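Note that chain A is present in both complexes that follow, paired respectively with chain B and with chain C.
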Partner chain A sequence: MSAVDSLPAAAGDRPRGPLALLRRLGPTGSHVAALALVLVVVVVVASLLSETFLTTDNLLNVTRQVAVLGILAGATTLLMVSGGIDLSIGACASLCGVIAAKLLNGDASATVAVLAVVGIGMGVGLLNGLAIVASGAPPLILTLGTMSILEGFSQATTNAETIPVGNFGWLGAATLLGIPMPAVVAGVVLLACGLLLRYTRLGRDALAIGGNEHASFVAGIGIGRVKIALYVIAGALAALAGLVLVSRVGAASPMGGVGLELQAVAAVVIGGASLAGGRGSVAGTVLGVVLLGVITNVLNLLNVQTYYQSVATGAVIAIAVMSGQAGTRWRSDRGAGH
Partner chain B sequence: MFGRSLRRLTALTLAAAATAALGAGCGSSSDDDGGSGTSAASGGGGGDKPVVGFINGSSVEFNMCVSRGLKAGLGDAAELNEVNSRDDVGAEVSNGEDLLARKPDALVLQTVNVQSGAQIVDKANGDDVPVFLSSVDFVRDPSKVAGAVVFDNGATGAKIGGFLAEQVRAAGGSGEVKVGIVAGAPGAASDFLVRGFKGALAAAPNAKVVFEQPGMWNRGKAASVAENMIQAQPDLDYVLVSNEDMAFGVLKSLQAAGKDGQVKILTNGGTELGLRAVEDGEFLSTTDASPFQIGFRTGRAVLDQLDGRSAAEPVQTLPVQVITRDNAAGAAAYCAAS
Partner chain C sequence: MGAAPLLRASGVRKSFGATQALKGVDFELRAGEVHALLGPNGAGKSTLVKVLAGAHRPDAGTLTLDGRELGRLGPGAAHAAGIETMLQQTALIPELSVAENIALGRRVGRGGLVDWRAVRRDGAAALAALGLELRLEQPVGELSIADQRAVELARALSRRCSVLILDEPTATLGAREAQVLLRQVRRTAAEGVGVIYVSHHLDEVLAVADRATVVRDGRVVELLELRGERTVQAGDLVRAMLGREVVVAAPPERVGDTGAIALEARSLTVGRRLRDVSLTLRRGEIVGLFGAVGAGQSTLARVLSGQTRPGAGSVAVDGAPLRARTPRQALRRGIALVPEDRLRSGLVPAFDVAENIQLSARALSRGVLARRRLSEARRWVGDLGVQPADPTLPVAALSGGNQQKVVFAKAVASGGRVLMLEEPTAGVDVGAKQEIRALVGRLAGDGAAVAIVSTEPEEVLAMCHRIVVLRKGSVVAELEREQASRQALTELATGAEAGR
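Let's look at the complex of A and B:
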């Protein structure tokens, strides 16, 4: 839930029962509740169609499979609530993975490699943020340019070849209390993003800027600093996603993260974030990521032909987004009407 | 809201980044082993040497090895003008127009798409520029092309399927043998490979394809598909993976699930790492489909054409063999002359 959505109702105007719950949920909360309902339906249908779906091993597989997307979606949520976007995070993840592989195959320790590529990711984010703030260029286009630059560097660095990596499996293959490490990392990242949005000044400022940048400026929010900080965080998380990806598959591919940025945007929008900024929640993003992962998983389990997978995935995404919007409208019509 | 000093810092940072990028570009242009971009002197600056245009379809390892082979095949006898379509059909058509506008002495096309490729062939015919196709022969009228050096993916798939059928027959028994397929992207070369594989596998009536999903030529995606495949088909015996990069992702998933001893991997490629995996018993088989040889022989065919020697067979189909532990030492090199 975002800070904007959690403003308390006026004293003496508090409806009771379901209406009170709806009011407390806010528009984003209503969207998330509707999306959760869609996810429950998908899970129920999936478990009826496939005996394997609800097994522990398979559910752990799903968490492992959505982990990289979850990390990138966390970064995208922070940016989108502030009205920003970063299309270069997938390419940044690829480049960071490639650099990590080069370092690990040299004499660098895992710690040095991790710190180095997270630093590089932050540097990329810093450049993105500085360029966007200083030039006023639309982040969609500017980060599209960055994406192309990073892809080019990745391919030039590797000669377009995949680089195998040994002795770096702990981040991608290990488990913690039975939970795959990539899922643990993604969970921590998403939790941190949620706490940042809800309980820190940076998060509240991000929501305020996304809601109304001019009013935020008048209110004294350092818009440039907030935006740059968010892009730096996004860069760091892209690097982390790249590391998890490399560790999971045991190799760094120069194009390994390409395309994930759009999946991340899709997950965040499914989760209720507005493309115009000012609205969104990490809870919604988590549901969006899980929904995408569950659909892919169950269609694979059922061995549905690729072309029909696209049809089914698109249909569920459309239903999820429409259900979320319907939840928001229902809440504004009945729960918050005066 | 955004101080002058920060703007100055931004300008300096962006200027430094731009300088670094230009420096990197200049540095790479002198790299004659380079895997990407224009490989030789640009735009008709070849003096007395004939100029050969090359439209490469992608920047993946396979395509870059075709490029290396082409350079080696042409040697110093011609100037090579290379552009890359980056899997973009529109870019391929534009690249064709751009190269043909420079009036090359010959054009080599590693096409992204049959339709866009056909447009370029027609335009080159109109401009009286001889066209050579690499990897895929998609032109029905042989008089339109001066030559082609290709793989027959269907025949390769049939060889792999025949090899597996033989394995199944040799193992004896009448119980069902379960086979999974992790294909490349649908609608392209992988479809021919899979079709040929299935056709030949029919020779072993008790072998049945029980799972088939695309890995989209992406190691991470293939790893996820394999995780789902193992859940859906825990008794799987064999899996065909359309290229080695994806096969390594599948191997990771099998190892994580403790199934690497049970499920045997058959794949296609012949890279150094792939051959090593065959020798180490990680893959049951691969192939030696050398993109370097495709490029090299195309280069030689172009030189023959420019010297006025017509090839005995305009379309050369490179032989591909199934590689196992027994014959790995004799496999054609993937990205080198021998």
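Let's look at the complex of A and C:
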């Protein structure tokens, strides 16, 4: 996927040299380019450290492992470019997975279960969006509250136990043309998010609101309905992520999605989005997700203890964000960004 | 009155980039006097005030306080030297009590502990000095704005300041409250403080000030004794502020039918910012909404463009009532706004020129896809002479004047038939100014109703057929262009008429 939602390149008189290239790419584009370079280096180092890393099986495995995170990161990208955030999507994914499992075990057809669960996800998103728009409460804290509520519901529904699900493997365990189904779903979702941001009114309005909310209001954009629509989409994608997770694992855990929302935020910020909104791209998010996935995978292959994996992943997030910030400063010092 | 000046500035120069804001200003302030600082917008008043308050460092010139030269004055040093500034907005902490606010920033007590008895004692003394009867324990946020201003005065006094700078202190006050504040300002001066009083309201200046320094184009053009033998009239002050009459371009001819009423507002009221204002805009007519900063014309524009809801009154567009709660609803009825602060309210900096131009039109359109009509954007860019003429450039890369043209294009491209233009040529170079004025004339000629909101007499004189003058939230006059002059407009807007 190319930088589908970065700014169009500037035409007119074009100076040459690396600075001019950065200027043409824009702040988002040059961040994505730098991140791609980092990813290449990490892949090279990984393949030197582990023989199994650069095998088809392992790489497909990586895509399967990052798929759920990828779906949630797509939702987070849409929200974050508009200046919003939703911390409840991880909990929403677990709740939806749990409910789907109950429905499937209670003789509901897969279609019914999927539709019901996606509807629930959209309902949760609608409530989040309405509450944020009506009250003006900061989304970070409001969705933190929703997260706790949804976690509570999941635990109550299952008595805090994992529910095994049979006969629901097509979404998570199957493959399409050799590619794991979760990866196919995540790819479609991320492509759709990219197209949405680039070509639809909703996507452009989201970027406009994140870039300058007051100017967007004065320009006549219906700020409230745009925000609500974005939270509804995020809820639907959270439900989808929950379904993929249940299908892949073959069981629904009430804590299955816990923490994924923060990993998604990390991936999106690594991908160059600004927490303040107005900046970010799905291309960057994809690279952020893959980078996190590759690092986890390599540490697994090298049999590093999970405790130290956590340390390493945390360090990667911190370093990536700091260097992204430094890059932004460097560009603006030289007048290449804005 | 003491002969030796308390504060003296000599030969002060200050430039911002290529613009010289102060071109060698001499100014002196005596202890115990109220000294008004007057001048039109952009004359250099606020720069001078900021230099005196230590917020700006002068490029050249010296400042002496009590005969001692002040070196490199920063805000902290100005404070320590006894120079206090009171801004248009109150700088109190609403949750804290009157006494605490008066003690704020000073160390009352010992070893990190607050000496509450000293806080109350000092607070009571400061209130007594101004004859204020306020409860020391009351949170400042519960006081009226007038009382809050008074608390600020008391605080300045309690800090034993020798120079007090007041910048439009009555801007948020009603007429009676302003009178009370002016009395308190006199009392402050009677305590020996030198007061610098910056205001657009000449009636207030005549009531409160002993002397007035008039600044124009970065220079002091006149120093007037207001309490001398010869009584100074408000008209004299206006003449000194404006200088010789400059030739102002004539507004565009009225073209076509100017009969049809496009917008009618009746008795609009917004708190004390706008009181019982009625306005009629006709097709083909350009109307100026003129007043000093904060006189209500911006509030009126915000109400009509759907950004602020009026407390009372009604608006009708093309004869049908409009109750706009958002700019979106106003735009749907054809009311488009070019906001004054283009960076905050006009542009999405990360978007390119084309997308900024089409932001409003797209917001009003239907459909899922964001259609990008580059050829249309190119036409706008060409029509308005946006430089560089490339609609795919990020709007942040454009100069201020060209950004303003983009905001302008956005309002017109949305299909606006009633255009509210706030300071449409502010910060725009001469060439762009002419282009924008010509475009406004053309739009009116095509049947748009245009309102120009401005604090610059030249701006409304050069563009408008009819000029409505506001002062302190009310309409004080409505003039045909032929009857209006800079002198007349400025006298009306500053209350010089009322002061006669």
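Operating definition for what follows: the second predicted complex is superposed on the first by the 290 of 338 C-alpha atoms of A that agree within 3 Å, B and C clash if a C-alpha of one lies under 4 Å from a C-alpha of the other, contacts with A are read in each partner's own complex, and residues count from 1 in each chain.
Methods note: a residue touches a chain if its C-beta (ideal position, glycine included) is under 8 Å from a C-beta of that chain, and two chains touch if they have at least 3 such contacts.
All values derive from a computational prediction rather than experimental measurement.
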Which superposed partner A:Thr111 touches (first chain B, second chain C, both, neither): neither
Partner chain(s) touched by A:Ser50 [first = chain B, second = chain C, both, neither]: first
First, second, both or neither for A:Arg204, with chain B first and chain C second: second
First (chain B), second (chain C), both or neither touched by A:Gly250: first
Touched partner set for A:Asn167, first chain B, second chain C, both or neither: neither
First, second, both or neither for A:His214, with chain B first and chain C second: second
Touched partner set for A:Arg279, first chain B, second chain C, both or neither: second
Partner chain in contact with A:Gln65 - chain B first, chain C second, else both or neither: first
Superposition-derived comparison: chain B or chain C, residues of chain A touched: B
First, second, both or neither for A:Gly222, with chain B first and chain C second: both
Overlap of chain C and chain B interfaces on chain A (superposed complexes): 217, 222
Complex contact set, residues of chain B against chain A: 1-2, 6-7, 9-11, 13-14, 17, 21, 24, 28, 34-36, 59-61, 63-64, 186, 210-214, 218-220, 223-225, 227-229, 231-232, 245, 248-249, 252, 256-257, 273
Contacting residues of chain A [partner chain C, same complex]: 7-12, 26, 199-205, 207-208, 211-212, 214-222, 278-279, 338
Residues of chain A touching chain B in the complex: 50, 52, 55, 57-58, 61, 64-65, 68, 126-127, 130-131, 133-134, 149, 152-153, 155-156, 159-162, 164, 173, 217, 222-224, 245, 248-251, 253-256, 296-297, 300-303, 306-307
Chain C residues within the chain A interface of the complex: 305, 307, 326-328, 331-332, 337, 339, 344-352, 355, 359-360, 362-365, 367-370, 388, 390, 392-394, 396-397, 410, 414
